[in-house]
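Several structures are given next for inspection.
Common to both upcoming complexes is chain A, partnered first by chain B, then by chain C.
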Partner chain A sequence: MKTKDEERMVTPGEILGKASEMRPGRGAYAVAETGDVYASLTGRLSWLPPRPDSPDQRPIVEITGHKAHGVVPEPGSIVIARVKKVMAKMASADIMCVDEKSVREKFTGIIRQQDVRATEIDKVDIHSSFRAGDIVRASVLSLGDARAYYLSTAKNELGVVSAAESTTGATMIPISWTEMQCPLSGQIEPRKVAKV
Partner chain B sequence: MEYLSPEGLRLDGRRPMEMRQLRAEIGVVPKADGSAVFEMGNTKVIAAVYGPREVENKTHQMNDQALVRCEYSMANFSTGDRTRKPKGDRRSTEISLVIRQTMEACIITHLLPRSQIDIFVQVLQADGGTRSACINAATLALSDAGIPMHDLVTSCSAGYLKSTPFLDLNYVEDSAGGPDVTVGFLPKLDKVTLLQMDSKLPIGILEEVMLLAIEGCKAVAGYIREVLLENTKQLEYRRGG
Partner chain C sequence: MATRAGSAPSTYSPSTQKRKQTRLDLKDPDWVRSDGRLFHQCRPAFFRTGAVTAAAGSAYAELGDTKVIVSVFGPRESKKAMMYSDTGRLNCNVSYTTFATSVRGQGSDHKEFSSMLHKALEGAIILESFPKTTVDVFALVLETSGSDLPLIVSCASLALADAGIMIYDLVTAVSVSCHGSNLILDPLVEEESYQEGSLMITYMPSREEVTQLTITGEWSPTRIHEAMNLCLSACSNLGNVMRSCLKEAAAAASDDTNE
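Showing the complex of A and B:
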């Protein structure tokens, strides 16, 4: 790991070194013709060691700016979303948190019928899995189409985390992995419950 | 009008190769993602950057890169006479396009697909070189917003009067009818991204005037870099880092 000038501050366009000696991470980029690595953000330089199992053993150079950018869902990340609309073959939801950070502006996601659970996916009834207003934990399958991310709740720990009962509005308590009960009225409603 | 006195001084007392005083401030619009005020002598402009954010008009959304929009306008009080139409007129539309193309070439757009970056620049006081001041302010604002760029874009103008190249023309010198060459330059990558000229100039003189403008751009770049580093240090210090 480099120690000289390790923690210095840089501005966009500054040369950080040769691409043969370091790998450009976040905030840096390499130009193939000159073989140099340049900074693309204003901030503090930091060095990350390479992963021991990766074939590329160059250290990674990163630049952390002072402005935090809103987090964006990536395939594989776990998100918390609020169900907006439930339709025959899918449910649409607003993504509010990605991993542990909340987003700056909400993203749209859809949970298709075949992605609700892992077993008997053609016999899924969306209305018995989600209702509008439920808070669900889901994983991002892919970036989806131009309108929405594709989400999946096909794991035990994914699904409805919190739901309100339709008549009383009270938060329901899960009683099995397919049902939730309202503490005030005793009404049982079907949901795809997440195993917390 | 004596644009160059016998002692070699311009109307405002500068030497032909002297730039006006530069002053910049970052973070002047807290609501914006990035903002800056840039002054070159009496010319004062303010830039605000919003982005990256979701594209408003989905038909313009690009799946592999960010959409960059730019709007240039002049405040009603920016010139001596009250301007009739501060934006939407041909000059503003042209300058908006020029600034957009210059900044777009410099932003690493493929890192922010399906998003939109809005750059708003407004001239608060116009005394020649507004185009250059706007580009410099936009660079500072983009850097403040943390948008990845290949390099800082700096801009400066140069002219040719009385057989002498003049650096950084003010409004009176610009109105003299001589050529006005505006250059947009990437200092570390040593590349020209914008080259515009008004009026006429013998082709042999163009290179000399352009190189003078590039020298001006390098000086602006040095100043901008200082301002950015100082601003970041201040923020870190306040954060307790």
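Showing the complex of A and C:
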């Protein structure tokens, strides 16, 4: 029965089965009173095997939507953002992509001084880490407050991915984890560079 | 619109004098509906998703002559002035085009439809799946010929499903109009204007749950029961039509990506 339903298209509200036989993943939900698992998205049904070490051995049912948009930043996801403004204790950035999918309309995020890097967080100079217009890869720390998501670049692979030199406008080349150099003018500018 | 000989003709506009002179005697048991339908018969419905490419999701629906197009934007960032909320927000707006009614005009006497659409949909959307963000639903009525709000609700839930917003189930809606001892399903504009009472149900067919019930006029409990049963079975049928529309659209979209 499971292989036949493997490629089935489902619509929201369709009953997928009993909660005793499967665990609802993304795009499905269970109702406690009746014990049924329903779909909440339109898309293709897929089954994931349970982790061998987990106590719950029910397979996970997931629904992948046919549209590739509509992502919302979630805590833990890796985002690509463009820095809009650099202030004394934080930098604000526009989130443009979440986990390899681009968003339809930008979300606002901020990178606080203590979230720029993992070591010596009180000695961070934001202006030597980011400049307006830089493209950074960051991870979402939390939903933040009403105005912005909290982002963090406190890992080696997070930080400035692409930056333009301030006078010539050329894309700079990273030369170390804290510096980038312009190929045209030779100017070195400080940034918190991501380890690509 | 008499014109005296020799005078310039007055500008033409659809005249209210064209209304039927005799009042429809809807309590007459032999009375037949103007489009030949039975009392408990709905007009055929047509749905299509993906009508508006700029929106995250959209749907176009026709119920006889009533035509509605709904676009859904989101989940997108809430306005800065809004307070933080750990569940998502829903924002609905229903507007009529100036050419929607038979007399060209503003169509502004349906301002309450926006809040009614909100109440019908908010029970069906899983708001916890998009915290801090807002989903905007914009409904535009292109032509009205009765039973507008039920079609708006059904079309909006189809647009939400098309946008990939997590919902508990599709929401279908049907309204019933009461004329004396007759209950008329899916009334037209003229049947609505002479009605003694109306009942509209918005229903989630697979979950078997009602999200909104609107009653106007005087109803006895037995009549309410009868009308509700009528509506619920019509809603279930409408739900099947909507589901097949969604599946066709999804299958067509996945065929395009596979090629």
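Note that the second predicted complex is superposed on the first by the 171 of 196 C-alpha atoms of A that agree within 3 Å, B and C clash if a C-alpha of one lies under 4 Å from a C-alpha of the other, contacts with A are read in each partner's own complex, and residues count from 1 in each chain.
Keep this in mind: a contact is a pair of C-beta atoms (placed from the backbone, for glycine too) under 8 Å apart; a residue touches a chain by one contact, two chains touch by 3 or more.
If you're wondering where the values come from, they're calculated on a predicted model, not measured in any experiment.
Note on chain A: of its two partners chain C and chain B, the one contacting more of its residues is C. When the two structures are aligned on the shared chain, A:Gly169 is found in touch with neither chain B nor chain C. Within the superposed three-chain model, A:Asp145 lies in touch with chain C and out of touch with chain B [touch as defined at top]. When the two structures are aligned on the shared chain, A:Pro183 is found in touch with neither chain B nor chain C.
When the two complexes are overlaid on their common chain A, residue A:Pro75 makes contact with neither chain B nor chain C.
When both complexes are overlaid on chain A, the residue A:Thr42 reaches chain B and chain C alike. Within the superposed three-chain model, A:Pro12 lies in touch with chain B and with chain C [touch as defined at top].
Common to the chain B and chain C contact sets on chain A are residues 9, 11-15, 27, 29, 38, 40-44, 65-67, 69, 105, 146.
By the touch criterion given at the top, residues 56-57, 73-78, 80, 82-84, 86, 126, 129-133, 161-170, 204-207, 243, 246-247, 250-251, 253-254, 257 of chain C touch chain A in their complex. The residues of chain A lying in touch with chain C in their complex are 9, 11-15, 27, 29, 38, 40-44, 65-67, 69-70, 72, 104-108, 143-147.
Listed in rising order, the residues of chain A touching chain B in the complex are 9, 11-15, 27, 29, 38, 40-44, 65-67, 69, 105, 146. Within the complex formed with chain A, the chain B residues making contact are 33-34, 52-54, 58, 61, 63, 108, 114, 143-146, 148-152, 186-189, 224-225, 228-229, 232-233, 235-236, 239.
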